[in-house]
Amino acid sequence: MPKKYHISTKPAPPRLYPVGRYATVEFREDCAGSCRECVKKKCVYNIFADNYLHMSQMDEPEYLYTCNSCFRCVQECTKGIFSRVINPEYRTLGDDYWTPAIISRTWYQAHTGSIPVSGAGYRGPFVGEGFDSIWTDMSEIVRPTRDGIHGREYINTMIELTRRPQGLRFNKDGSLKTEVPKILETPFPMLFQLHDQYGIEDECVRLSIAKAAHATGQLMFIKPSEITGELKNLVSCMVPSLELATWEKHKDLLATCKMVQIPYGPGLNEVVIALRAMNKDLAISVKTPLDDKAPLIAIEMADLGVDTVHFAASHQGKEVNVDNPKFLRDAIHAVHLALVDHGARLKVNLLFSGGIAMAEHVVKSIICGADGVVIDASLLLALECRLCGRCMDGLSCNGKLEEVDPEFGMTRIKNLMAAWRNQILEMLGAMGLREVRRLRGEVGRSMWFENLEKENFAPIFGERKVP
Amino acid sequence: MTTQAISNLHSVLSSGTFAVTGECGPPRGADMNVLNKKGELLRGWVDAVNVTDNQTAIVRMSSIAASKHLLDMGLEPVMQMVCRDRNRIAIQSDILGAYSLGIRNILCLSGDHQSFGSQPDAMNVFDIDSMNLIRTVKDMRDEGKDMSGFDLKEAPKMFIGAAANPFADPFEYRVLRLAKKIDAGVDFIQTQCIYNMERFREWIRLAREEGLTEKAYIMGGVTPIKTVGMAKYMKNKVAGMDIPDEIINRVAGVPKEKQTEEGLKICQETIEELKEMDGVHGVHVMAIEWEEKVADIVKGAGLRK
Amino acid sequence: MIVGEQKPIEEIKKMVAPYKKLLILGCGTCVKTCFAGGEDETAALASALRMAFRTEGVSIEIDEQTVERQCENEFIQEAAKKIGENDAVLSLACGAGVQAMARRFPKEPVYPGLNTTFIGVQESHGVFTEECSGCGNCELGNFGGICPVTRCSKKLLNGPCGGSQKGICEVDANTECAWQLIIDRLKTLGQLNNLRTYIPPKNWKTSNSGGPRKLVREDHII
Amino acid sequence: MSENNRKLPEAVETPSRFRNTIGKFVVKRNSRCISCGLCAELCPHGVHVRYENYAKGTRPVSHKCIGHECRDKDYYCISKCPQNALSLKINPLLETMGDYRWTAEMLLGHFAMAETGDLPHVNLEYNLGNSGGGFDKIRFRHPDPEKAIDMADEDIDTSIELNKTGDGRPERTISIPCYGGGMSYGSTALPVIIGRARAAKRLNTFTCTGEGGYPPEFLPYKDHVITQVATGLFGVREETIKYSPIVEFKYAQGAKPGLGGHLLGEKVTEAVAAMRETVVGSSLFSPFPFHSVYSVEDHKKHVDWMKEINNDVLVSVKVSTPTDVDMVAIGAYYAGAHIIHIDGSYGGTGAAPDIAKKNIAMPIEYAIPKVHNFLVNEGAREKITLIASGGIRNGFDVAKAIALGADGVVIGTADIVAVECVRCSNCESGRGCARGIASTDPELGYMTTEEYCEQRIVNMYLAWRKQWCTILRSLGMKSIRELVGRSDLLVHLDYLEEKERATYQPAPNHAMIL
Amino acid sequence: MIVMNPMEKFKAKITLFHCINAFTEHVSLSTDDREVKIVKMPCSGMTTEVFMLKAFEAGADAVAILVCPEGACRYMEGNMRARKRVEKTSNVLDKIGVGGKRLSIHNLAAKNSDSVPGLLDEIMSTIKELGKNPAAAA
């Protein structure tokens, strides 16, 4: 049995007072005073006692927003003076896609390394856009091949990033004739990169991510100019992102790397040939924006023999520079199917970035046909970024990212990755799969909203009038 | 009611004569001449003179000393005593002292609250209330014992009076309270100034019904109105005072220079009505700091010549 | 409950001026109920005092803590650590609390931050009224549950004085005449006859005229 | 009046166990009030209460207030108050309450039903959630007024049969088309689960043990308690099977299919550990799946085993809703089950990974017609009882589920809401539910009483029954069994032309912050 | 006594407590001569004396509370509570030598955030008149 892969976690409480979800509202003048029944004393979560502690220690009353929403104070207060409110700061976190719930759940995972578990049923909408219109399937009683929750630690989440030979040929003596390039793998299907919009340009942020990549055996895309200071010691986990025109300046760097990333563009072929000539074991990733030409580019790259194509979607997971952009779900599936039709799916690996905000997005991306994903904003969130966008306006960071201790940052990212990986295991376990690679393109393991409606509702209700 | 007359006032009242008492506030200083002057103005017109005890909680010569001065002038004092300033020890000792000086009438009062006086910061005592005080004097007189039950060497024989305010609220309680005071041992009652005759009549009727007018001598209180201003002030600012609007309007209805005269007239009319009223045994003229008019009033009402 | 009121800040400033490290100690029971010495008031006073001294260029360290009750040993003890760290204590408790602190911490100067005003109740929001003088000899039974000793300006036990008009005490237009209340209530209860009873002079020995009072429960002492 | 209906219990007013019941409106009385008592005389809903011999105005009973609706009535207290001492506003709290599936108004509506046994008199939208799909978009087609019948509630039959196989085992009929979902001893407070059993007895239906063993407190109600046999087999003993009228095999739970139960360590108290034969404080994860079941044959062996132990037992098979749920259902039928119980993905749970609750398996709205039609095509539909659960929240959802093809439903969350769950979803954290429902904490676990839970749950079902009767009457049906599979009576808003859509009640649609 | 020169140039610090229902920050209120710190309160009635004092203690030269119009408080009386507290706290500030005028409360017409810069200008002139907060931490 192979050695189990494991990401160690360690609680890493936030440096800043977290943006709580709820606060209670009460006017103390209405209070009965030191009431024997005082709900502030009885609070199961003891938030009020903590509030008083903070009152004497803090300048700003952020701690007001710490309620756990059991409503007992509201309902038990002798004089009924309590009400509740949503923290306006919480309300304005992120955007429609990166919802406050996603952001706060990401913080929770980075803090604890645990997967979010809650009671009561699902609380969200029936269906949503993009990934939210996919339900995954699971194995039911009469299906013999599944592992369930037990033994799931043996589920393999490793993916490959190098091209594969199309078949194996052998010499007469039985030895392998086909030349098999060196295989590059990552232990879980989430590669790291720096966000191209969010996040302050600070070495501690890059170092936090690099350290986490190093500690987990993951790869991180990075520009050579960003490899400064202590990052120089961690190049083994880095994938330099080079420009076609200037790549040769970084030959030294390439000597220590396993993979390189270059953009799609004129002159690419020559660069690929030159890189191959320089080091045949160097994996090559070609990065290109995710647009309506993506399927064609994927085929072109497969034929060209690059190892991996990295499609970058928008921050909200949509195609870029297109009039009616498709969401990742359909875009990934289109690229995947194009390669399958072309008979080239096995030649090349597909990575997608942008809009991967939750562990379920990783699984669903893979179901749609990706080999893996590249995450960025989630890494910043782990470092207590609030995705408020102030950094883009050159304003100070609300999450004080510039003060992150790289060691702390690494722990938070490791925690997040451990939590995500565990969730991937939950889903794979439920599906009875032992390997994440087996999931790639397995849309049969999922149920799509349109199909379910067509299959089950159309016979009853007729034709759907609302898209 | 004791049979043997204790004082001049007692004998006047018990003789059935319509008694007249006046009032004399001791000076805010040790000057006896003021007292002499006031005494002279009252002499001959009244049967006894009430000597107030730091009235309205303003510091004045003690009522015991002032009473003694009047006594020396040949007037009969009614020594007022309030519970505000003395505890029960001081009260009893003062009564004994007063008696030894020849004072024979005592009017037992709770006393105005100090918050109106010259020293609102003072601590008040109110160890016992006026009801307790009445009973204390009575017990000292009739049983010869002080409050602790100690046999006094010589019992102070005092003619005991108390105040009653028919105009204060709650009205229904007023007669009850009178009864309680009489039960406690009061010999005579002086009432608050009467302006609201209707209410007074009702009060005395109820007192009669309860048989109270048989048990104690009731003297109606009167105060002449000097000006409309004074009337209004009394109406609004003085506690327990009830001046109906008709009275004020009547005074206000005459020219300013005639207002005093009108006030005196009202006062005289009141006395005349009291004289005829069943159960009223006398009148108590409170012409405070206006003693020179007492003669006019008494004369005008045909009480003394 | 015991009702108190924060002392003027100038007075407090003068009291604590000699010290470099001051602990403001709140009390979470009665005086919290009347918004004079709970957690919020402690924090507000601490903040105000710090600023008051700062405006004068005086440096003083002000620490704060609030215990459940300053009149109970178990709770007082919770403050021991902070008291040890400070030069003086400004107690936001009633007089009893201040003295309890002074007694438990013999070497620590303890100053009162409140004026203890009376034993009373909150009649409505922000209105507190005195209801009991702790005379040690409760006569409420005679008076329909309204205390003339406390609520009559003259402590009259045998009926109202002549100053009561329209239910208002002669002393203050905002004070109800206790006797009016007593009579009204006895009338409702059908016990007006109570008033005919002569109430003998009150025994004030049980009140503070008898010197400092002490209650010894032999059954509690082992 | 049918036999079944005669057994229906009485509604008894059972107010909130908390001092302040949350209402849609807030009425406040300020200090200007002179307690004249006019408002108490005026208000027909009991918002203002005047106690005999109490001299002060009391706090208004806000949750009974119908709000601005009575503005034009002559009992509108706000304008009638001579002192202007009353004010009225929408309760700002509502914004922070509930979620897409259970909106604040749905919660309040259920609280009101559980309190009174009647439908709420306050204008609350308690039949539709804000989820934007499924039940929340499905409506009953406008009924033909000609068909409507005039029939008293008592005469309408809402009972369903649980044994349709005709295999000689007892016919078990329940008076309402619902029975209680499994809630284990360990996840849920004892008074709550016993209260549910007592309610089940009075309503002539069932409740289910869940996977936590069979506490002896259930014994007085054993004829109304289903024993669940789940993958952990926690607390399952031969005698508990013998007690049971029905045994439920839990293959999966809709909220976390493929994962098995989670009971976090904090909730494993001494009593729970003893019941489950395990160690105090250690988290319990039920395995998935039954490691002895890898085929229909294995499954049949299981079913036979139960039937062997108890000759009168009926067998229910609870599965979640994967793509092949229809195949699973028919498999269960051939293995000899009496009831096939499909649990949709949006159902309740004491603790489940969020990722599972949201993503794994399909919502029940799809699964019901899928399974129903498949069973019909296989000719098995008349021989098996199809029970649906997982995201069925209110009386209307029940009726819609039945019209889509279920015989009846299993209810979990709504029972818990009846005993005042606010779905804060902290069931699993720390000491468990702060409201004393999903907790075995020695303090929190006893915040409720059996009597209270029993009556609140009874009340809620009585109110639901009134809704069912109204629906059935309007459709001209005398029995709820006539409604089964009548999906022709349903419309889905997204499948209607705009004009027709406008004639139906729109689906609530407001942004929420969760 | 620290003597302040009122004419001394400094960047004024203003702390703005606002009810989340009364005001939303659209534009940055800070300018070259003032730094505005914004504290969102669930209701202005939650702004207790402590918060106001703490803001001054933390160095604010002025503190303003933005509340909903009279009668428009979602919690019915929060804005009135806030006003009463401001009156009281202003008194305290006078007594401790900070100056009660530095604390102000403003009813904003329904979500009329545009008037806020104008308010801040008024507050600035008060600060100019009174000088720097003498109680600010050194």
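Letters A, B, C, D and E name the chains as they come in the text, with residue numbers starting at 1 for each one.
Here is the rule we use: contacts are C-beta pairs under 8 Å (C-beta built on N, C-alpha and C of every residue); 3 or more make two chains touch, one makes a residue touch a chain.
In this text, all values refer to a predicted model and were calculated from it rather than measured experimentally.
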item	value
Shared interface partners, meaning chains that touch chain B and chain E	C
Farthest chain relative to chain D (centres taken as mean CA coordinates)	B
Chains linked by the largest number of contacting C-beta pairs	A-D
Greatest separation from chain A - chain, by CA centre	B
Centroid distance [mean C-alpha coordinates] between chain D and chain A, Å	36
Length of the line joining the C-alpha centres of chain A and chain E, rounded to whole Å	42
Chain A and chain C: spacing of chain centres that average the CA atoms, whole Å	62
Touching two or more other chains - residue numbers and ranges from chain A	25, 28-29, 55, 83, 85
Junction residues of chain C, two or more chains touched	40, 43, 125
Junction residues of chain E, two or more chains touched	48, 50, 54, 75, 77
Chain pairs that touch, as defined at the top of this document	A-C, A-D, A-E, B-C, C-E, D-E
Residues on chain A engaged by chain E in the complex (per definition of touch)	23, 25-29, 55, 58-61, 64-65, 83, 85, 87-89
Chain A-facing residues of chain C, complex	1, 28-30, 32-35, 38-40, 43, 46, 64, 66, 122, 125-126
Chain D residues touching chain E - in the complex, by the definition given at the top	26, 28, 30, 87, 89, 92
Chain D partner contacts - residues on chain E that touch it in the complex	74-77
Residue ranges of chain C touching chain B (in the complex, touch as defined)	153-167, 170-172, 177, 179-180, 183-184, 192, 195-196, 198-202, 204
